[in-house]
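In the part that follows, the structures are each spelled out as structure tokens.
You will see chain A twice below: alongside chain B first, and alongside chain C after that.
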Partner chain A sequence: MLEINDIHVTYGRLRALKGVSLSVRQGEIVCLIGPNGAGKSTTLAAVAGGVVPHRGTIVLDGKPLAAGRPEQTARLGLSLVPEGRHVFGTLTVAENLRVATYMRRDRAAVAADYERVLNLFPRLKERIGSPGGRLSGGEQQMLVIARALLTRPRLLLVDEPSLGLAPKIVDQVYEILLAARKAEGLTLLINEQSSHRILKHADRVYVIRNGHIRLHDDAAKLADGEAIKRAYFGFGDEPAAADEPEEEAA
Partner chain B sequence: MTEPLVPHAARASLLRRYWPLLALCALISAIVAVGSLGSEQMQVTMTEMLIRLIVVVGIYLFIGNSGILSFGHIGFMCIGAYAAAWATVDPAWKQMMLTGLPDFLQQNQYGFLPAVAGGGLLAGLVALILGTAIMRLSGIAGSIATFAFLAIVNSVYSNWESVTAGTSSIIGVPNVVGPWVAWAFAIGALVLAFAFQVSRWGIMLRASRDDEVAAKSSAIGVVKVRLIAFVVSAVIAGVAGALYGHFLGILTADTFYLGMTFVTLAMLVVGGIGSLTGAVTGVLVVTLVVELLRHLEAGVPIAGSTVHLPQGSQEIGLGIVMALIMVFRPTGLTRSREVPWPFTRRARRRKMEVAPAR
Partner chain C sequence: MIGLLQNLVDAASLGSLYALAALGVGLLFGILRLVNFAHGDFISIGAYALIVPSFEVTAQLFIGTWSWWLMIPTITLIVVIVALISDALVFRPLRRASAPTLMIASFAVSYVIQTGILLVYGARPKAANLWAGLDTPLMVGDVRVPLLQVITIVATLVLMAALTLFLKRTRYGTMMRAAAEDFRMAQYLGVRGDFVIGLAFAISGVLATAVSLLYLSQTGTLSPTMGVPLALFAFVATVIGGMGSLLGAVVGGFVVGVVVIMLQAYLPADLRAFRDAFAFTFVILILLVRPSGIIRTRALVERV
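Moving on to the complex of A and B:
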């Protein structure tokens, strides 16, 4: 469904992605893990159209995506849940959700979708009239996911859903993501910093570090975590080749 | 424009939904009704206040909903004022002084309402062209671009002798705008601004103000909704300019420059930049303070002798009042909220706003 081929992204002199390729098949949960600054968020942002790769292609269902047009990419059924809980702080929960449906053409289906999504998030139902900015961290994360679902995505990109949340809340967030996937027939591409939780849920795992994909395998084969640890921290792989020249550019 | 709300939120009845608009219209109408019984001077002050109200509401429609500060709206006011004057001034005068005007304006004289409409349209057209170029800029870059636009408009209108009469003003603009005409347009501006902010375009725009990244990933065309608001608010400013010309009876480009820009933006900020109620409050409060100080400057009789404040205390006093308001209410007098619905019990309202977060 999604094919990323050898994309390169630079921020000024900093090379964030140095040839990342990955693929997501219909119905899968694919997880991209890596340490801070590895390029996880950049990869998702490039797919969503928020940053423009200067090399490489991103193909959705056989058609290349127009780079740098996030609102058009979203209309193709690819929705990004950005990192750090981007709620619309002064809009009510209801408006936060409604606003995601305004650019849809299938007006008739919107009302039904709205009900269905709200049923996935009983907590949001209780707070429907509160401004988004007044919600707790966990509620905001739920709201952002609910809002993304209302754009009717086929592929949902989730950027660090666990960031800054208590473990109990993170579990809830994942439960919801899995329930939503089941209910909506979603395909998921999720970024995370830590691997132990995601290994339970993911079909396939990519490990990214320093702008390169270091490891790619089925989640089941990585269950012991050793290979991930090596790729993640860079133990024992090409000691000098990849790591030195770009650090000073930052 | 708006669709029925969802069942859970639908408890908010229609009346409640439009309550802020109704309250503001009632307030303005009451002020005009009382003021129209007052002196000639009072009528003039009130008319000027209402025209400023229209400008500030127009500016609010863009700035308040988009979060982008615009210094350029007084430029649209200027464009609207001149365009309307071109239509209504005596053709004999135009043929003598404004030799560069196109024939349809130079040879004819049009009525007041078509002239006002023309002023609004021209301002909107210019906003469409300008906005297409600058609406993708966010934050300070966009604001500076609007400021540059203001400077350009001023310098064109001050120097294009054959069309604007340059530094010698356009005179003989029919003096037809009194308090009730200004009131009618002010109500119109309030209705338009409120309708916009509860429409889907308004909600999308406020979403982009709160978080541009998330707005784009929610498929919102941020540039497009900004442009819509920019054009609508320019039309309102253009109409206000047309009214102002027909209130003053004489037009000079410098009327529509830094002084007016400063006063209108100050009104908006003092009242609260993020709500229509704030825009209205700011206009009323600033006008009241200015009038009070002007009175004191002119002198009040106390114990047989006339006491008056020194010249210039009007400006200084206004500055001090605004600084104090900003210190104690950084988000404006209204805290950028709308007039609250008066029939909710306090306890319930509190509970709704700060329900315990998990």
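Moving on to the complex of A and C:
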């Protein structure tokens, strides 16, 4: 469904991605794990059109995506839930949700989707008239996921859904993601900093560090966590591109 | 007492113009992080579009002689088109540029428009008499209120109400508020960035038109740089109101209007020539007390 081929992204003098390739098949849950600054968010932003790779291609359903056109990419059924919960703070919950439906032409289906998504998130229903900025962190995370679902994506990219949330809330977020996946037939590509939760749910795992993919395998084969640890921290036997100068990443 | 009331009416009327101009500046700043110094020249365009191109000192009204219901939409259309063209030619290629770059580009647009006016209409200020019937005063008690000032205040309130309704109640308004708060996120949700920005330019063109018609009918004078002080005061109004807040722009506009009129009225006669210096001193004082403006927004801090 999604093919990322050898993309390179540079921010000024910082090389954030140095040739990342990754694929997601229809119906899969794929997880991209890596430390802070490894290039996880940049990878997802590049797919969604938020940053422009200076090399490499991104192909969705066999067609190359136009780089740097997030509005176009959203219309192709790909939705990004960025890191840090970008809720529109002064818009109400209802308005936050509605913004996501404005590009859709199927008005009747939108109304039905709106009801269905709100039923998935009873907490949002209770707070439908509150400004997004007044919600708790967990509620905001629910809101951005609900909002992304209302664009009717086939592929949902989720950037660090557990960031800054209490473990109990994170469990809820994952329950919702899995329920939504079942209900909507979603394919998921999720970024996380740690692997312990995601290994249960993911079909395949990629480990990224310093702008390179260091490891890629079925989640089942990585269950003991040893290989992930080595790739993640960069020690051990894996043939890392150690000649690269280490850069400070933002 | 009557003098004070009179001054307050003047302040409300001048403040209305500043508030309208500040809304036009604030709207574009909110969405694009563009401090648009060409906004004043959009105002000049609206005024010059009323008259026949010539180098004569007395302006010959052309569109200005039409009935108001035909004239206002025509002038609005002209200004909106100029605003959209400046977006398409100058600001669209600079979408990924920094805020200072955008601001400098707006200076360039400003000079191009001023020079264009100079080429077509000449450099000398012109007298023009728009809506001559409107300076008949209304007597409210003992206060003389020129009808034009009433119209200015009412038109401003109507435009603000319409803008508020548009932003709060329509889908395009909701898109604009979303984009003003987090432009990239709105794009990820399928909101077309260029469309929203074009809409903001168009609305700022409408607001500029209102200022040009009201301002011209009050002053009766046209000059190629007539919009510059308006843009400057509008910019000051958005800064003291709180950059990024439309309510702040309005509040700031009225504050500036009140300050200017009150200084004009109560400064000793010898110092009146330096009115603007005192006005800007006051602005600096406000900013010392509230550096982020009267109405604080998160919009500036949260931009990553």
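Heads up, the rule we're going with is that the second predicted complex is superposed on the first by the 239 of 250 C-alpha atoms of A that agree within 3 Å, B and C clash if a C-alpha of one lies under 4 Å from a C-alpha of the other, contacts with A are read in each partner's own complex, and residues count from 1 in each chain.
Criterion: contacts are C-beta pairs under 8 Å (C-beta built on N, C-alpha and C of every residue); 3 or more make two chains touch, one makes a residue touch a chain.
Owing to the predicted nature of the structure, the values given are computational and were not obtained by experimental measurement.
S.K.: With the two complexes overlaid on their shared chain, look at chain A and say whether chain B and chain C clash or fit.
M.R.: After superposition on chain A, which the two structures share, chain B runs into chain C.
S.K.: Answer with first, second, both or neither: which of chain B and chain C does A:Lys125 touch in the superposed model?
M.R.: In the superposed model, A:Lys125 contacts chain B only, not chain C.
S.K.: Of chain B and chain C, which one touches more of chain A's residues?
M.R.: After superposing on chain A, more of chain A is contacted by B.
S.K.: Of the partners chain B and chain C, which touch A:Tyr114 in the superposed model: first, second, both, neither?
M.R.: After superposing on A, A:Tyr114 lies in contact with chain B but is clear of chain C.
S.K.: Check the residue A:His54 against both partner chains and state whether it touches chain B (first), chain C (second), both, or neither.
M.R.: So A:His54 meets neither chain B nor chain C here.
S.K.: If you stack the two complexes on chain A, which partner ends up touching A:Leu135: first (chain B), second (chain C), both, or neither?
M.R.: first
S.K.: For A:Val99, using the defined touch cut-off, is the partner it touches chain B, chain C, both, or neither? Pick first, second, both or neither.
M.R.: both
S.K.: So in the superposed three-chain picture, is A:Glu71 touching just chain B, just chain C, both, or none of them (first/second/both/neither)?
M.R.: Both partners.
S.K.: With the two complexes overlaid, spot the stretch of chain B among 4-12, 22-30, 220-228 or 346-354 whose C-alpha atoms clash with chain C.
M.R.: 220-228
S.K.: Using the superposition described at the top, list the residues of chain A that contact chain B and also contact chain C.
M.R.: 48-50, 70-71, 74-75, 79-80, 82, 86, 88-91, 95-96, 98-100, 102-104, 147-148, 151
S.K.: So in the complex, which bits of chain B are touching chain A?
M.R.: Listed in rising order, the residues are 5-6, 8-9, 200, 203-204, 206-207, 209-211, 213-222, 274, 352-355, 357-358.
S.K.: Quick one: which bits of chain A touch chain B in the complex? Just the residue numbers, please.
M.R.: Against chain B, chain A makes touches at 48-50, 70-71, 74-75, 79-82, 86-92, 94-96, 98-100, 102-104, 111, 114, 118, 123, 125-130, 132, 134-136, 138-139, 144, 147-148, 151, 169.
S.K.: Which residues of chain A touch chain C once you look at their complex with the stated criterion?
M.R.: Touching chain C from chain A are residues 48-50, 70-71, 74-75, 79-80, 82, 86, 88-91, 95-96, 98-100, 102-104, 133, 147-148, 151.
S.K.: Can you tell me which positions in chain C touch chain A when the two form their complex?
M.R.: Touch residues, chain C against chain A: 171, 174-175, 177-178, 181-182, 184-193, 298.
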